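Scrolling down, you'll hit the structures one after another.
After this come two complexes, each holding chain A, first together with chain B and then together with chain C.
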Partner chain A sequence: MTTAPERIVVVGASLAGLTAAQHLRARGYAGALTLVGDEPHRPYDRPPLSKQVLRGLFSADTTLPHPPDLGVEFRLGQPATRLDLSERAVELGDGSRLPYDRLLIATGTRARPWPDPEEAALAGVFTLRGRDDAQRLGARLQARPDRVVLVGGGFIGFEVASTCRDLDIPVTLLVRDAVPLAAALGPRLGGLIGDVAREKGVDLRLESEIERMEARDGHLVAVTLKDGTRIESDCLVAAIGTLRNVEWLAGSGLEADAGGLRCDAFCRALHEDGGVAEGVFAAGDVARWPNPHDDDALVAVEHWGNARAQGETAAANMLAGDASAMRRHDHLPDFWSQQFGLTIKLVGLAEGADSFAVMHGSLEERCLLAAYGRDGRTIAAASIDSARWLPAYKAAIRERAPFPPIADAVDQPRLRVQEP
Partner chain B sequence: MSGSTLFEQILDPAHRANPYPLYAEMRRVPVARQADGTYVVSTHTELARLISDPRISSDDLPDPQKFRWTGHPVTDLLVRPVRAEIRKRHRPFIFRDPPDHDRLRGQVMRCFTPERVRGMRGKTQKITDDLIGKMRGKTRIDLVDDFSYPLPVTVICELLGVPPEDEAQFHGWATQLATALEPNQRGDEETQAKNEVCFNEIADYLQGLIKEKRKDPQQDILSDLANDGDGMNDFDLIATAVLLLVAGHETTVNLITNGMLTLLRFPEHGARLRAEPDLAPRLIEELLRYEPPVHYRTRLALADIPVAGITIPKDAPVIFLLAAANRDPTRFPDPDRFDPDRPDNRHLGFGGGLHYCVGAPLARIEAEVALVSLVRRLKGVSLIEDPPPYRPGASLRGPRHLRLALEGVAE
Partner chain C sequence: MKVVVDLNRCQAYAQCLYAAPGHFALHGKEALVYDPSPDEAARGEIERAVHACPVRAITAYSDDTTAGEAA
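This part shows the complex of A and B:
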């Protein structure tokens, strides 16, 4: 039994970090609590940034609500630069040291920058991760560029494309793969969303990549694709994925790399030798953890719901004393996205699925619930504008029900198992 | 009552005034098989899960029973069987599954706009004021007959677009047809026969009204539905109108009556509501948890459904005991306490899943206006009898009368 903590430090003042802080207090932790964040802002919410904020419906101030008496010392605008496990202290950019007896690492991810640094630095080239990014890009969109070029076939790229169309701004969306959103949803649903995007006026180009950018006076004016096509545009958004914020952990002895900070089932950070780093926990986008719904395969889940759930579990375990009193992080990934008038929801992880079946509705109606299977088990379910039965499928995924999971249901078309 | 199952005891009118101890016993087995093969779901976790399960059907209306012969061949062999078949095919959407359910409900939701519902507040206040005005000079009233009953029918008639002069007829029809939503009554032959007569009357009436609304559309729901481009056919339209009338009727009556009863049983909350009308929304949510107007709904299992360690077999009737789940101590700490300040009050008073109450926003407005006005204007109110006499229904459960003594009516 370790002693009860008196000084808790959380690095990363965002969703996972704030959630953990709230749960620490809710569980009666009364000691010192410091939240370190390199951004100058109080913790805020990211999902609205690519949706309502860009659209101009909400301001970029999406500060997450938290009670004023939470008793947290915020150290904002201050990156953690080094972790000293043996001394149990975090060093900040201003040289100060914060000793801890429990540490939560929740430094999340950042937008993957455009690979060519000169092009990345051009005026008119944007990425989107934080509220300042959203503010800048939003202001640019309000000024109505003639055409926005979006790079990246993931959810953020599609959400931004949808927002542009809502604002009636012409958009070219460049996707490197043959099908958009395929990693998350598989080619059938990914293809469906691609079709919807096209109908809404998006110039969607698959298997397309940028060869080079053209600039005038440091300002983007056009891009040339690998196939030689030239597209004039002074506004480009690179939504090409994320990088995990683990650089500051280099040399600490923790097992952290591009795949995330490795932790065990109880959110405890692990040493490079595989042992548990006493008193150090991880949560949110930065964490890479054994997923009990997938035979403990390591996974990093970059979803809002996971950051919340893992922040809560980490908080509970930080106060638990020893491992026998800790609980597993057994969150079943879930995710939502809104674009082109559709609400897409996903539970479980569909990557690696070998089978697919529309359980309710149909692809043609664009209102459906589909399940994904692998090796005869149900691993995920996705809905488009039809989430009401998702809870039942969620239960089936948790129980690793045989695939297809739920037969003889209300309004079920003749089930046909297909490739995803 | 030895030998009878727990659910049979719940149906027994002797337990109508206080079924809650039986519910507590019921919850000891979250999904409990009864001797007749029915499965009763009474805990919050299991109910919340099953109410959104696609293997659970709402299409559980019993087939119409054999007719009693009238002796007129045309009636017996043609008119009645055809009407029965039409009624079965065009049953109201509360008894239907997707995709039909969604199509019909979607059309109703389109005309139940938030603006239209909010717009009913003023009208509701006026009806309320009129009804309370009529209590002047009385020292005794029956809240049910004098207030809770007339209010919702008038509101829904206004919303649907039933002319005021025909409203009186609707009161009678609504009362009779509510038995169709009452699972422990709708099966019996006499009720079915009465319902048939009544349904035919209301259907004929509505058929005429729909014709008028097509010729001369007004600002009301029936006009909107009758003139909707990809609209429903007349049979579905009539069934839908009847559903709106009936579903919004006995329920709201109970909410208002239970509300007043509860406020008189716990006078500190009545006093608080009088001083602090902003409390009304929270107080009404707590009422919907604590004394819900709808105690249970029935369903049918379409497949074997594993839940809470057992399997509900295909074709088994299922009962969602909403009122028991509302008092589940694992979800609501200290569940038998009436506490409007309860945080995170996710009661099941309006059901859940895809049949979640269409009229919830309207019902909330009606209850708010009614209860705030009653506590403010009725002076020196007390219960003449407690418990009051209850209506026979165990699902749509509420007092038949709520006799109150009054000292006066304030302006």
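This part shows the complex of A and C:
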């Protein structure tokens, strides 16, 4: 049994870090608790940024609520720059050292920058990850650009495109793949969202990529696509994925790379040699963990629900003493997105599915629940404006019930199993 | 105050809309949008919304006014 912690340091002052802090206190931890964040802000919520905040609805202040007696020392605007495992200390940008007896690494991800640094630096070229990004882009959208060019066929790209249409701003959405959102939802639902986007006036261009940007006086004026098309625009948003914030762990001996910080089933960070790093835990977007719902395949889940669940599990395990008292992070990945007036929700991971069945509603109505299968087992379920059906499928996914799962014995023979 | 809604949990039951109409709204059939930073004066309404939500998706607390913002 290791001794009870007295000094807990959390690096990354966002959703996972704050959730962990709350659960540490809720479980009675009364010792020192420090939250280190390189952003100047208190922990805030990101999902509204691409949705209502950009649109200018309600307040842009999405600071996360927490109990008044949290008793946390915030060290904000201060990056952790180095981790010394043998001395059990974290070094900050200002040279100070924070000793810990438990450490939570929750440094998340950042927006993948536009690959050409000169183009990335042009005025009018944006990425979206944090509050300050949303503020800059929101101000630009309020000034009504003639056309916004969005690059990236993921959820954030579609959400921003949706927001632009809500503001009646013309938008061209460039997607490299033949079908948008296919990795997360499969081609059928991805294609459906693409259709909806087009109906709402998005100039959606599939299998399209930018060849180069044109600038005048340091300001973007147009882009040229690989197929030679030239599009005039002074506002481009690159929503081309994320990079994990692991650079500060270089040389620490932890196994961290572009795939994330490797941890075990109990959220304990692992050494490069595979051993457990005593007292060091990981949670949220940065963590790469064995997913029990997928034969322990390593996964990094960049969703809100995982950051919350893993922050909670890590907190419990930080106080558990030894492994026998720890609990497994067995969170079933879940996700939502709001765009073009639709709410899309996903439970489980649909990537790699080989079969698909609409269980309720229909693609035509754009109101449906669909299940995904692989090798005869149910692995995921997605809903479009039918969230109330979703919880009923969670158990089937957890148990990896035969596919298609039993929905309603009367309807069962009518189910049509298709390719995803 | 500060408010966050777990939208994985939310099932668009809309009870919060009735409890605090100026601070929660539905866009489309189930896309809930809400005020993440309502005025302290709205406390009564927000607390009613927290309690009205059948899936307990809403979390709200008063603003944290303690120091410690800077490094």
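As a working rule, the second predicted complex is superposed on the first by the 414 of 420 C-alpha atoms of A that agree within 3 Å, B and C clash if a C-alpha of one lies under 4 Å from a C-alpha of the other, contacts with A are read in each partner's own complex, and residues count from 1 in each chain.
Note that a residue touches a chain if its C-beta (ideal position, glycine included) is under 8 Å from a C-beta of that chain, and two chains touch if they have at least 3 such contacts.
Quick caveat: nothing in here was measured; it's all calculated off a predicted structure.
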First (chain B), second (chain C), both or neither touched by A:Trp304: second
Chain B versus chain C as contact partner of A:His360, first or second or both or neither: first
Contacts of A:Asp45 with chain B and chain C, given as first, second, both or neither: second
Touched partner set for A:Arg388, first chain B, second chain C, both or neither: both
Which partner reaches more residues of chain A (counting touched residues only), chain B or chain C: C
Touched partner set for A:Ile406, first chain B, second chain C, both or neither: first
Contacts of A:Tyr372 with chain B and chain C, given as first, second, both or neither: neither
Intersection of the chain A residues that touch chain B with those that touch chain C: 388
Of all residues in chain B, those that touch chain A in their complex: 49, 52-57, 97-99, 302-303, 306, 314, 353-354
Of all residues in chain C, those that touch chain A in their complex: 1-4, 6-8, 10-12, 23, 27-31, 33-38, 59-64, 68-71
Chain A to chain C touching residues, read off their complex: 40, 42, 45, 47-48, 51-52, 57-59, 61-68, 70, 72-78, 92, 94, 304-305, 308, 334-336, 338, 341-343, 345, 367, 385, 387-388
Of chain A, residues touching chain B in the complex: 359-360, 388-389, 391-392, 395, 399, 406-412
